[in-house]
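Listed below are the structures to be examined.
Each of the next two complexes has chain A plus one other chain: chain B in the first, chain C in the second.
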Partner chain A sequence: MSGTPGFLSLRGLERRYGTVNAVDVVDLDIGRSEIFALLGPSGCGKSTLLRMLAGLEGIDAGTIHLDGELLNAQPAHRRPVNMMFQAYALFPHLTVADNVAFGLRQLGMETARLRARVEEMLALVRMSDYAARRPQQLSGGQQQRVALARSLARAPKLLLLDEPMAALDRQLRVEMQRELREILRSIEITCVIVTHDRDEAMTMADRIGLMQQGRLVQVGSPEAVYDRPRTRFAAEFLGPVNLLDGVAESADRVRLGDRLLPTAGAAPGARITVAVRPEDIDLHLAPPAHGQALAGTLVGIDYMGAHRVLEIEVPGLPRLSVIVSGSAQKTPPPGTAVWLDWWPEDAVVLEETS
Partner chain B sequence: MPETPARPWGRWLVIGIPLVWLSLFFLLPFGIVLKISLSEAAVAIPPVQPWFGVEGQWLSATFEHFRLLVSDTLYLSAYLSSLRIATVSTVLCLLVGFPLALGLARAAPRWQGILLLLVIIPSWTSLLIRVYAWMGILGNTGVINNMLLALGLIDQPLVMLRTDFAVYVGIVYAYLPFMVLPLYATLVRIDPALLEAAADLGATAPTVFLRVVLPLATGGIIAGSMLVFIPAIGEFVIPELLGGADTLMIGRVLWQEFFNNRAWPLAAAVAVVLLAVLLAPLWLFHHQQSRSLELER
Partner chain C sequence: MSLRVAMIVVFVFLYAPMLLLVIYSFNESRLVTVWAGFSTRWYGELFRDRQMMSALWVSLRVAFMAATTAVVLGTLAAVALTRLGPFRGRNALGVLVTAPLVIPEVITGLSLLLLFVAMGQLIGWPAERGMVTVWIAHVTFATAFVTVVVAARLARFESALYEAALDLGATPFRAFVQVVLPVIAPALLAGWLLAFTLSLDDLVIASFTTGPGATTLPMVVFSSVRLGVSPKVNALATLLIAFVVLAALASWWLMQRRSAYRDT
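Entry: the complex of A and B
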């Protein structure tokens, strides 16, 4: 994490629609110049939370402080917050330059300074050559750059990005993610990104806040949330995972079927679920010397280019996925007997066992 | 050899039917009106001299009626008065219709259909009956005056009927749906995110309206204004029934020349000039339509 904690500070934030809590008691601190991603499935409340920050959505309880200032009562047009909208919401009747100038005009900025600022912003997103065009004459990627320039023009204290890549096709997305991240880093702006795409969140953000049913269920760096998910939902949402139910024999051993596999931080005697990422499982073609590996049969292979996903059946357990990389010739054929184990810290004990 | 596809036939049909329709029901009658306007008047049935076959002259066409339109100030002031009444009515329709259309466009989608129907339903009744109803409302012993008298707010009835005021009321009332419907159609298509984006960029509600809603509604404003202005300028029934003796409108003049004075050529000339006057707004309307189509592409 970079910057000072609490530049943006949310306390007990709530938004209710009838009996449903769209945003349910959210507490969160975001540091200055931090890029924070709100990640979650559609309907989890992440967009509502973002709109509450922008002032486009009411607040039923709780507070929002930005740079020490209470935002609750400030209407959207007075907040030092700007948003890049999902489909960009560029004004179709204005040129690119006038779109970028729109927010500056509301500040009553004098013409010469306004022009200089517009040029500066268009240069930042490398769109100077398109100043006289209309938004509908631009490609999706170009529209995104203009939208970014427009939302940065007023130099907001907080930038909000609502699904910034949703309107782009897959190839362009990866390219723009990198570019957007570079721009945001270069101007050191505090930023909240809403996305349902875990790759986007992990690529762009310093920290991720995972949301489920209006609640912030886990907050941490992309590595932390990926490697140490706290719940089944977190484990599954951040990527492919093997979820295995067993009984903790000791703090660092879990009984799966008739074998004891390594884990870390379990309460002895408890029924637990451990989450193991497919790439963290070690595949052996002969039983390891310690004798506590899961014995199974290779039943399927998916070739994914750089790596392969092996499906392995272990009696008494759900089918496991194992990712192996390296030379394709080394992959054994289906039907081969294999043994699986992992390092203790790779088998994360989840909070819920259901 | 492969058969020629039937497509060209269909295309000709699509272009041909409106072409035939327009030629038969617009160009041909207009040609007849134009011819009458250039003919000498006559005491005959119809009261027009033929172009050919009059003794001594091989062609008896004349511009005398058009010359009269320019020289007699009655016609000029009737045109100007019609333009004024139509313009004021259009502006009033816009002022009343815009908030109405905005309300419709912002209403919950399940209500929009019903509300739109409420806008349209009055026009299912004959215009004549609705204008008579306004006579009952605005008259000296009408609903409004009776109510105000009963409340003691006035001791003499307000003279509303047979004034320009009544004409404005009648025109705005009758043509409001033609303003509201195109406005609604453009306003409902404005992405609400644009309004939020404007507010997010620091625009107050009035600024959002002026800088975003209004420019994006230009197409609807022009379409609605034309749909009100063009028929209003030639309106006859409303000024005849609600207007006073001094309410001068070109539609009334045309009626009087045609039926009372049996001056067909003069009436025809009035109609031809009216059409020429309307060509300017029609061209503007067309220009705007093709421009907005271009913008959307």
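Entry: the complex of A and C
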């Protein structure tokens, strides 16, 4: 965390329910026009944090500054913050156009300007043809676009998206993620997304904040969080991973069983856990010349279309997953003896905090 | 099969008297028990009966005012019970607001009569009992029914709708008026119809709390029947049954009609 406050700046933010800290001392800075994803399992406090930003949840300690302005004491309806709710919360008694106009009417905007703004917003989300419809006459994807238009109409300084894709089916999700990201980038809005879906967080966000039990455990770009997880939890939450316990032989060698494998940044002599992504493991059908590869047996193959997941048994270690792509004919049959190694930067030493 | 028979017996038991009453309202004869051919004569006589018509007018006005007041108070009570979260005295409020549902009407009527008399002596109001006191009395029990109906609707109200209104810049009051009220409007209307019907129906409480010049329709019917049943009363009862059935169907339909205003 840098010392200079961001466009959105959270300091020591806390929310308590009884003795449980739903949000536990969160410090975070988010830049202007940045898309930031709060990622975590359900119950980790990400939704509570989002609702605190919206003003729908109280603050027990800490501060929220947006564009240099302290938000703590401002009630929800005075904050320059708008939220797209999880199930969209479109007003069922109003048309699409009136839903979008709702926030503008609260500003007392004159009719001509209001109409123009509503049309502009509906055009942005490509829903102009549906202005006179009721929300319940729209499909899930269309409802999402209307909800987005409604939350953007007041030109908020900060847009909050609460599980934006949760109400959509899987196929539509990928399509809408891309479209939503493009709209958000085109209007250069500062945005905080809450999601439990790592793919959604990685596709949409500039940076990810991983939350666990009310705390931000790791913040960084999707690549950084995925490639260099700091904890066991971070490693596992962002995707399939092999976690291997061993002893650091030197700063760049870890002893796994009777072999020394490359790693980076270990404290010599310490018991460490290294995380290696299945796609970062190199599979050899003959022992490599350096003689320090893990020797194992191929025991299972899962065909996943574009790639295959191989299960490898190595004596003294938990079963390893290795992802290989390329032609299916090159995959050896189960029972084949194989050798595994990897590049030093692909075996990340975890902090033993979890 | 026997279940079917039992059901028919129950329906006959419940509705045969009313059916008989409806049939005899179209009887030509003055004698209630002798059928002498079809006629709408008693409906004509009913509309020419000034006492009954003025009583009907009193009843309709009382019912309208009582139902409207009950909807306002009942909605506020329902909001307090379902939306404010726990507060001191919430359970007590819930019990007290809905108690008139189970308190015998005689007791409600008597206690209100005593209250009005005592108030009249202490503060000079109400100086005498009449439409206003019947109105107040009807509000007390109609509010209970409205509260139950509206609270049931609010309990499944999607709170995200209210929060979305706040988020879009509406004050809590405007969010309630512009979003919550329109969405629960069918329940409010159903509650209003229920309260209106109950007020129109009531004999016991009105008898206790009314005064000169404010005789309600059930009171006229009841006293006229004691002097001997006129077929006019059958005609009136038929109209009332028709109205009550329609109102009940309408409020049932409004409560059922969730598809158009679905928010859960």
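As a working rule, the second predicted complex is superposed on the first by the 347 of 354 C-alpha atoms of A that agree within 3 Å, B and C clash if a C-alpha of one lies under 4 Å from a C-alpha of the other, contacts with A are read in each partner's own complex, and residues count from 1 in each chain.
Just so we're on the same page, a residue touches a chain if its C-beta (ideal position, glycine included) is under 8 Å from a C-beta of that chain, and two chains touch if they have at least 3 such contacts.
What you see is a predicted model; the values in this text were computed from it and never measured.
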Three-chain arrangement built on chain A, chain B and chain C clash or fit: clash
Touching partner for A:170 - first (chain B), second (chain C), both, neither: neither
Which superposed partner A:290 touches (first chain B, second chain C, both, neither): neither
Common interface residues of chain A - those touching chain B in one complex and chain C in the other: 54-56, 75-78, 81-83, 85-87, 89-93, 102-103, 106-107, 136, 150-151, 154
Interfacial residue positions of chain A with respect to chain B in the complex: 54-56, 75-78, 81-83, 85-87, 89-93, 102-103, 106-107, 134, 136, 150-151, 154
In the complex, chain C residues that touch chain A: 158, 160-161, 163-172, 174-175, 178-179, 182-183, 185, 259-263
Residues of chain B touching chain A in the complex: 191, 193-194, 196-204, 207, 211-212, 215-216, 218, 295-297
Footprint of chain C on chain A - complex, ascending: 54-56, 75-78, 81-83, 85-87, 89-93, 102-103, 106-107, 136, 150-151, 154
